[in-house]
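This report refers to the structure that appears directly beneath it.
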Amino acid sequence: MIFMLLQISSLNVTLSGLKILQDVSLHINEGELVVVVGANGAGKSTLLRTITGLNPAESGSIQYMGKEIANQSPTTLPATGLCMVPEGRQLFPEMTAKENLLIGAYHYRKDSKRVANNLKKVYEMFPVLEKNADRIASTFSGGEQQMISIGRGLMSEPKILMIDELSLGLAPMVTEALFKTIKELNRSGISIMLIEQNARQALKIADRAYVMESGRIVMEGSGEELLNDDHVRVAYLGL
Amino acid sequence: MGIDTFINIILNGILIGGVYGLVASAFTFQAGALQIVNFSYGSSTMLAMYLTFFLIKEWNIPIVFAVVILFALFFTIGWIMRRTILNNTNHGTQILTTMAVELVIINLVIIFFTGFPRDMAIFEKRINITDTISVGLTQLICFFLAAAVLVSFHLFLNKTWAGMSIRAVVQKKEIANIMGINSERIMDLAFSISYLIIAIAGIMLMTMFQVEPHFGNYMMTISFLVCVTAGIGNMGGSFLSGIIIGILSALITTLLGAQFHDPVLFGLFVLILLVRPNGLFNSSKRIARQI
Amino acid sequence: MRSDNLLRRERLLHPLTAVSLALVILAAFVPIFGDRLMMNIAIMAMIYIILGHSWNLLTGLAGMFSITHALFFGLGVYGMSISVAKFHLPIIAGLLVGLLINIVMSAIVGMIGSKLSGLYFVMAQVGLSQTIYTLSIQLFPLTGGVTGLSMPREYLMDKSTLYWIALILAILTTLAFAFIRKSRMGTMFVALKENPDLSLSLGSNVGKWRIMATVMSASMASLAGSFYALFMMSNNPEVFSMVISLKIIIVVIVGGIGSVWGPIVGSSLVVMDELIRGIMPTTMAPFSVIIYALVLIIMAIRHPEGLISIGRSIGLKLEGKSMKKVSISK
Amino acid sequence: MLKKTIGTILSTFLLASTLAGCASSSSSAKDESSSSSSKGSEPFKISMITPLTGNNTFGGNEFKNGAELAIEHLGGEINGRKIEMEFADGPDQNATLSEFERLYNKGSRVFVSGYGSGADRTFATMVDEMQVLYLSLAWDKDLIQGKSDYFYRVGANVVDFSSGAMDQAVSVGEKYLGKDAKDLKVAVVYTSNFEHIVEPFKERAKKLGVKLALVEAYPNDTKDFVPIITKLKNTDYDILVPFQGVTDGTPFQKKMHELKYTPPLTIGAGIYYDTPVFSNLGNDITDGILSQSYVTPFINEEAAKGSKKFREDYKKKYGHDPLTHALQAYGIVNVLAKALESVDPAKWDDTKELAAAVKKLDIDYGELPWYWGVSFDKNNSNTKADKFILGQWNNGSLETVFPDNLKTKDPIIPWEKK
């Protein structure tokens, strides 16, 4: 049997009187790359923020490795291997690239060997960051910033990396390269939950995918199935 | 007036200005980096001075222990203040509550220590550079100590995990949270550390000046002045502009006369606020980087 | 959207009727227990009501956090006492001089306020008020220095006369505040407070409105100041002190920021203060200041909407409505 | 409609309760006062409103101590009737006025002024109407506006004091420096809080033709005195006259010492240089400095009866040497006691009679511990509070060197500093 890493069942979220998520159920198996597509405002980001505990869950359950984590303090999560790469990169703008990466290693900061090791790995993956390690984060280009953000996530040694809008505001070339990196990461054993508006590319690399519309999961299937689905083609691929 | 006199006055201004810079740096750290406006800042400095005096002079506690006690006390005060009255983000509320704290501190000092001015009675030795030019030894030590404290604080913020997490929390609280940093705890820590700086500044001021319950007012205005010239949040700049203020105030007194000191300085202050609200050294609102 | 909807929800009852009602009740007490101490306390309460409205107009409505409000009050005091004691002008001239100085000063403050906000504005005010305070001491031949000037004894008024003047002034400023709050101008002020950028894009001149708010607020404070000079028969640099500014703020915060009732309810604190001081042994005097400070801390943190809101929320709960949150400054 | 009603009721209740509260407290106080005036054997109350909080706490407490000690020395009674001091806190003008009204309401009809006496201008205009006897120590020259029956200035006034300081400087200059008033150069340094004290000094200098070589008024919160002292160093003058307070006097002299600068001759005028606090600076700094002040407890014992007793008992009771402030308070209570002695205790509650007795007072110099006599002019200013002493620090104690009848030692001029 495949090990179910993250399981969300009938999750409801209400923010300032508005129902954002309704009865959302989804799961991620170990080693999977799961994509959630949906239009702007469908509640995708809220889903991630609720998983990490930044937004309160109203009802339903979020189980991570068999443990209930709904409404837990976000600070406890990195140590368990759950990490989010937030929408719009959200780097610490006035810190250097290296410092940004290091913050990802905060929860095991006392193990300096482990920190250096992981830092080396990230630098190998994104050599451009090693070259500019002491530059202030806000001076990097969008793609490079996304690299820092992913790198920061990787520094926390995640079992699941949840990436919010990987391609937001990036040039197509850059996006493509990043998608490739994500796929590689997934192959190296990290489960990935990717939230995307850019459905075409995301679905291409997805093992499984969900489609979200106005706070509900309306469709589920393998990446290929959804790419060929008529509704998805009309609504998200513009065909 | 000879050139020697002039150099003397400027040197004096620089040395005192350095200490002003240290005093103001904790205020600018609180206001700029932590977004906590602390109007009880001046009286906290005054409290540190009184405690230094009483610990060392009246209760005859050995200096090392006295300093440790003072640090522990101020760390706790900072912690408690942050946990109770500064646990919000509204500047208006912060200003009001801290002004109330100032009243509490001043009156507690009057109750326990009386309003009597206190002086450590340390007589400063002068170091003669030439026959006519000299600097005060205490001032000189304080100046370099102030610089050392600021440099080590800078290193602390940049080179340690605690410092880095403070900066991370200050810049993006939520993201710091999901990276496993307990932002509330870190803010408490940062605020308490700023109170340690106040304690250090208090010790230094006590060696140089006499203290009375309203000494804090002066330190508060000086902090405002320094902080605005440097740009709120710019700690390196605050040291520099502390020196500028020191020189400027010496020059006003010497060239124009002491009665023009306050009006000119405060007029300049308002002018700087209007023309360069981000300070003389800040080109934009890049505040957190300089902390 | 007319943004006075925002205000309507807060409104307890028609301000004009409420105010006249309360003040008439207040006034009715005086003939019954009319001794000097009570009138004295009542006059102080009235002065703080006027100052409270003045602060409320600037901070509660227009959203400009006035931290050194005693500056306007003090200029009013000095305008009156200098013109009367030094230049032997009639009282009315003293009033006008005070107003004039205040208009100039408040135009400056308003101009600064339209350019700066938040902590910067607060610090600029502190700088300005320090300058004025220093000048009030240094310009000894004009101001009388630290000891001030004495008004000639023929201007001494009976306590009850003073009481009635204070009452009338308090009623007038209350009405003025209520009127401004309801008018288009008040709407504009609140709009600027709630969203300066939006108002800017709608084409209203933020600077102009902010200066206007400051000038009106300063005029009210000036009135209180001129009256205070007649009440005290002298001036003193103390009138610029932070303690007075703080008291003004406490009065409004305790009462309820932004509301007509706020300063009136809050002025009960001035009364309380006098009473507490009477009960406490003198050696304990510093404690009463500490208690004052603690009240401020608790009110600012727990009930920033003021005492009146506690009362109001009881009333509203019965109807099942929730309160609108009010913050001290943006 | 409901919330309207509740709101109205609540607010009215608040107002009513506070007013009722103060009314009840005042009415109960009224009972007290009426009962006290009906008997005559009740303790007689003298009230003093003095700053016990705020900026002037220190001086305020000195006043309180001095007055307390005066009552103690009087044995707590005069002519068989008990007397009591009643203190209230007056940190600022407004608080002082409301405390005044509160005490008045409780039946106090006799007041002596506290330290700083911020509201004395106000009282000067209103005590006549209220028929309250007020003995003031405030020294503003235009304090009393017109004729009064109830307001008395018992202490000195600032014009006498300040122009007196100029005269002292001139006479010292003539006697010891061999310089004429016309050749004398004086430097004056003061905090701008003392602008009103220095003004007559300057006028007097102008009149006598004394040249003011340097006039430096610094803000009252000045902490760094190096620039000012440097300026002094570069000025050519004969006598330095600092007008300083407790917060700036010590740092100023300390800094001068640190900079190894000794002025040719220093005559401190007034507020601070005569205090024992100043002597804590150490003999190296203080010795040789001349200081003009009000009369102090440190004068020739034979010239002022009781001054030594005051000095010693004060130190025993409060742990430090008395300042001139304490003596002022001690003195003014004694002046009042003299007036009380001359009136039948049963009639003390008739303030009018008491005020008349005060007006009639004629006490010669030296009868009271503060040396000053008492004799009021038509404006109720004490004409016998015009003697000021010049002291000199000598081996850590302030010796009175002028006038001759009060002096405890001869002045040493010029003083050679080690």
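A, B, C and D label the chains in the order they appear, each numbered from 1.
As a working rule, a contact is a pair of C-beta atoms (placed from the backbone, for glycine too) under 8 Å apart; a residue touches a chain by one contact, two chains touch by 3 or more.
Keep in mind that what you see is a predicted model, and the values were worked out from it rather than measured.
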For chain B and chain D, chains touching each: C
Chain ID, smallest distance between chain and overall C-alpha centroids: B
Chain whose average C-alpha position is farthest from chain D's own: A
Which of A-B and C-D has more C-beta pairs touching across its chains: C-D
Separation of mean Cα positions, chain C and chain A [Å, integer]: 54
Centre distance in Å when chain A and chain B are each reduced to the mean of their C-alpha atoms: 44
Computed distance of Cα centres, chain D from chain A, in Å: 76
Rounded Å distance, chain C centre to chain D centre (Cα mean): 35
Residues of chain D engaged with two or more neighbouring chains: 53, 192, 217, 219
Junction residues of chain B - those touching two or more other chains: 107, 110, 221, 259, 262
Multi-chain contact sites of chain A, meaning residues that touch two or more partners: none
Contacting chain pairs - touch in the sense defined above: A-B, B-C, B-D, C-D
Complex contact set, residues of chain B against chain A: 161, 164-165, 167-168, 171-172, 174-183, 286-289
Chain C contact footprint on chain D (complex, rising order): 2-4, 6-8, 10-12, 14-16, 18-23, 25-27, 30, 52-54, 87-89, 91-95, 97-99, 101-102, 104-105, 118-119, 121-122, 124-126, 129-130, 138, 140, 142-143, 145-146, 192-196, 199, 217, 219-220
Residue numbers on chain D that touch chain B, as the complex places them: 53, 55-58, 61, 192, 216-219, 221-224, 226-228, 230-231, 233-234, 246-247, 250-251, 254, 257-260, 277, 280-282
Residue ranges of chain C in contact with chain D within the complex: 12-13, 18, 21-22, 25-26, 29, 32-33, 35-38, 40-42, 44, 134, 137-138, 140-141, 144-153, 156, 158, 232-234, 236, 238-239, 241, 243, 261, 264-265, 268, 271-272, 274-275, 277-279, 282-283, 285-286, 288-289, 307-308, 311-312, 314-316, 318-319
Residue ranges of chain A touching chain B (in the complex, touch as defined): 52, 54, 73-79, 83-84, 86, 90-95, 99, 102-104, 106-107, 109, 136, 152, 156
